[in-house]
Amino acid sequence: MSATYTPDEMMTVAAARRLRNGAVCFVGIGLPSAACNLARLTHAPELVLIYESGTVGTRPSVLPLSIGDGELAETARSVIPLPEIFTHYLQRGRVDVGFLGAAQIDRVGDLNSTVIGDYAKPKVRLPGAGGAPEIAAHAKTVLVVMKQTARTFVEQLDFRTSTGRPAAVITDLGVLEPDPSSRELTLVATYDGVTPAAVRTACGWPLRVAAKVATIPPPTAHELSTLRDLHARTKAAHAARVALSHLPSPISHLP
Amino acid sequence: MTPAFLSLRDAMAQQVRDGMTVALEGFTHLIPFAAGHELIRQRRRGLTLVRMTPDLIYDQMIGMGCASSLTFSWGGNPGVGSLHRLRDAIENGWPHALAIDEHSHAGMAVRYSAGASGLPFGMLKGYVGTDLPAANAARISNVTCPFTGERLTALPAIQPDVTILHAQRADREGNVWLRGIVGASREAAMAARAIVVTVEEVVGDLGAPMNAFVIPGWQVAAIAHVPGGAYPSYALGHYARDNAFYLAWDEIARSRESFTAWMGEHVLGTTDHAGFLRSVGAVT
Amino acid sequence: MTPAFLSLRDAMAQQVRDGMTVALEGFTHLIPFAAGHELIRQRRRGLTLVRMTPDLIYDQMIGMGCASSLTFSWGGNPGVGSLHRLRDAIENGWPHALAIDEHSHAGMAVRYSAGASGLPFGMLKGYVGTDLPAANAARISNVTCPFTGERLTALPAIQPDVTILHAQRADREGNVWLRGIVGASREAAMAARAIVVTVEEVVGDLGAPMNAFVIPGWQVAAIAHVPGGAYPSYALGHYARDNAFYLAWDEIARSRESFTAWMGEHVLGTTDHAGFLRSVGAVT
Amino acid sequence: MSATYTPDEMMTVAAARRLRNGAVCFVGIGLPSAACNLARLTHAPELVLIYESGTVGTRPSVLPLSIGDGELAETARSVIPLPEIFTHYLQRGRVDVGFLGAAQIDRVGDLNSTVIGDYAKPKVRLPGAGGAPEIAAHAKTVLVVMKQTARTFVEQLDFRTSTGRPAAVITDLGVLEPDPSSRELTLVATYDGVTPAAVRTACGWPLRVAAKVATIPPPTAHELSTLRDLHARTKAAHAARVALSHLPSPISHLP
């Protein structure tokens, strides 16, 4: 039925399936943006996408490279000042789903996107918090999407950028959800052909495995072609250099 | 009264001095690249640079040694990866040490809004349980709601000496209209002691619809007419973001040598923004 | 999802119940008179009414006994004089006692903004040296800036159960566009648990320019199509404020008898807003 | 030279003359609005008028009856949310001149527009604070315009709505300014034909009189005709009843 697909594609599809039609999503750049737009283009046409740049209810035809591409403004229902995105929407509790990624995650789902090493003298300085801490704190449901390796799923974060207690962590191997009582992330589902043992190997702490681990169905042909079309359109759009035609001469002294 | 219409060179020389706190705002859209390049050409030093997203413009200014301090909330090349010059400054102190004042986007928005409102601080429900307060203890504190007893995070207002924006249009009275994604530009402008704007065009009649984002001319210190002044960022209705350039920057900025050579050729080696645009092939 | 498109009667019956805190906002412009009249027809009781400027609509609702409490900042007939029914309620308890929660405009704006932002309180430099804090001690307090030691006035957030607005236009998805003077309408709406809107027209394509004041449909609980719904206030682009009516109201509302007779004839005596407009001669 | 004029007209003209061209004025309805627009139409064409409704840089051709008339929006440079008028403009210190009236004023220029009598059980309930307390606190210069009587210029305010320490109080009899050291309002100028004794009679406290009391020149013909034209246009505009023509039928159930 479905063609061959990559783990990245499977992860994006699994994340997209989590979004119910009509939900209000606060979307980060990268995997979250791909997952949200895939959902919108497949089973959830009325998904409401909010990007922190101030675009509300946007419907981009290509994925934005930055979180403030013109495509987002031109296809939005409303373009508002950024502070209101964080106050009137996020902090006021008007966002259903917040989507996050990170450089490191720990066993309760706290996230690091700030530094590797010591904050004052970092080995690797990462971009930092952005919208993450407040998305994690205020979205009704927090989902994390990130590739799983023993280096990124760590026993101890180098820096706690966000504390979100996600409802699910969707990786390129399967899905972790918090244990109902301990809140510790637990493997609850894997993809076709991935064993729980393989998932445990790609984790920096002794990953708990649920009594019953589900298998997530592979991407459908429709999901896969929609995602690939989206990525192809996006790649073509971002490769084009911009030329400023007919640039007028500056005027130095006017009135 | 009507602001001064100046050349970009004169506007920057007149308004920005070494040691000032300067915010070049614009969230992905309308980033005032031309103004930043002119500050590099004028060899400004010791600036406290403020921006939610340092973006390529602060990567360039930091790498060229303009800044002694950076206030920010997300320091990456959007959708691409690291800002290598920012990293080199923080990780290795090159070209010299850079103090940082780090927040989340929501926190920066609160700080600008407090500054724009003439309040000494602003507050949010946030930062709780994170390592941000410990990392920046001097600028992250708490207040307690006198009605509910709830504890909130308090952040000091930002009031830049100068906020520099790029906009699509000004009229001859100096009223400025920003259209599209505005980020926290309005708050950064209203917070500032002086507002300086570069614009794509100067027209007789602004033509802004009711409720547009218009900064009245009497609040603006200086305006420079700089077509293409946001490139490689963009100006909605004029030109698109040069995403290919943002992708290419990753390689240019990766080493000190290639960065220095590139800046020497395209920024220091040109006398104005039109020269820069020709030099990088953005106009032919 | 798309809000419910209802008749005004159904929208009010479904969304507003006795004892609720309700804000009918709109600063002079876009005051939702039709919605207020419908609440009077439905004999709502015990409402906490919130508005910066009670204006004629709350003078009418208070005089008709809908309100047990009023939160406000300026209670006059603009440019004319007193709101006689508001005065009679406060001075003489007619038709029954009215509790008041009184602030300045700046204070009300802060309270709505805090509510819209999900904060328990907001703050301003204000009220200092005035008798306002002593008059409303339960709702006026202080906080101290943890960075500067400056003392600021703190006010509790307002989060109405329902905020009712009138707007020029909605599209079929329920997105609502307000154009012109918006006052604190957006903040009052974002602060509310439910947003209900009456509109002049419903169209296929909203046609709002970039950065217009648009309330996304998925935040709106119900929309009623009520042409002329702001009269005798106004809807920019549709009809002007009936200043002559505001001048005439002074005489109508001056005595309990003439007020009661007028309300009986024009509001209780009509079944809907079209009937009201015909009854007062605003449409022929 | 100039025609006969009323004390109200003289007061408005005297207030208008206080406004320098280019100043940013926060304008209240009534006498302040008349004075500001008279100044704009005579010696101060670049006066920037801000009304608390959210209209910035407005140039009305008739005086608004309310502070939010459509005329203000349609002739404004910018129409913004009301909260920003109080935060970004007034509290941030971007307003040069604030113009206030009141029901009562005391000898230091504090104002009452809230109640006559006791707050809890008032004899007369007045409209209340509106924008006044913050205009008084934050405008760089505060001017008060109000008719002077012994009943309104009082020894003791019934309620302190605003504390503004005005730079001048312009009445229908003359001008009071604070004494440089004691800050007590002192008569510094009268209009043509008004004696200091007459001004003292129309004051509820023993009004101090400056050593040298200036005489304010009467309205010029140009000032007077401009003001009267403005009032005539305004009266005609406000007298017209509004008719809503071609009102469409409400649509009950739409999509």
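For clarity, chains are labelled A, B, C and D in written order, and residue numbers in each chain start from 1.
The rule is simple: a residue touches a chain if its C-beta (ideal position, glycine included) is under 8 Å from a C-beta of that chain, and two chains touch if they have at least 3 such contacts.
These numbers come from a predicted model, not from an experiment.
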| item | value |
| --- | --- |
| Contact-richer chain pair (by C-beta pairs counted) among C-D and B-D | C-D |
| Mean-CA-position distance for subunit B and subunit A (Å) | 26 |
| Approximate Å spacing (C-alpha centroids) for the pair subunit A, subunit D | 55 |
| Whole-Å gap separating subunit B and subunit D, where each centre is the average of the chain's CA atoms | 40 |
| Two or more partner chains touched - positions in subunit A | 73, 79, 87, 91, 138 |
| In subunit B, residues with contacts to at least two other chains | 118-119, 124-125, 180, 182, 186, 210-212, 236 |
| All pairs of touching chains, each written as two labels joined by a dash | A-B, A-C, B-C, B-D, C-D |
| Subunit D contact footprint on subunit B (complex, rising order) | 1, 116-119, 175, 186, 190-191, 210-212, 214-216, 218-219 |
| Subunit A - residues contacting subunit B, complex | 29-30, 52-55, 64-70, 72-74, 79, 81-83, 86-87, 90-91, 110, 114, 119, 121-134, 137-138, 159-163, 237-245, 247-255 |
| Subunit C - residues contacting subunit D, complex | 2, 5-8, 27-29, 52-53, 72-76, 78-80, 82-83, 86-87, 90-91, 102-107, 109-110, 112-113, 124-132, 135, 172-173, 180-184, 186-187, 201-202, 224-228, 231-232, 234, 236, 238-247, 272-274, 277, 281-284 |
| Subunit B-facing residues of subunit D, complex | 22, 24, 46, 48, 56-57, 73, 77-80, 87-88, 91-94, 138 |
| Subunit B to subunit C touching residues, read off their complex | 118-121, 123-125, 139, 141-148, 150, 152, 154, 156, 179-180, 182, 209-213, 236 |
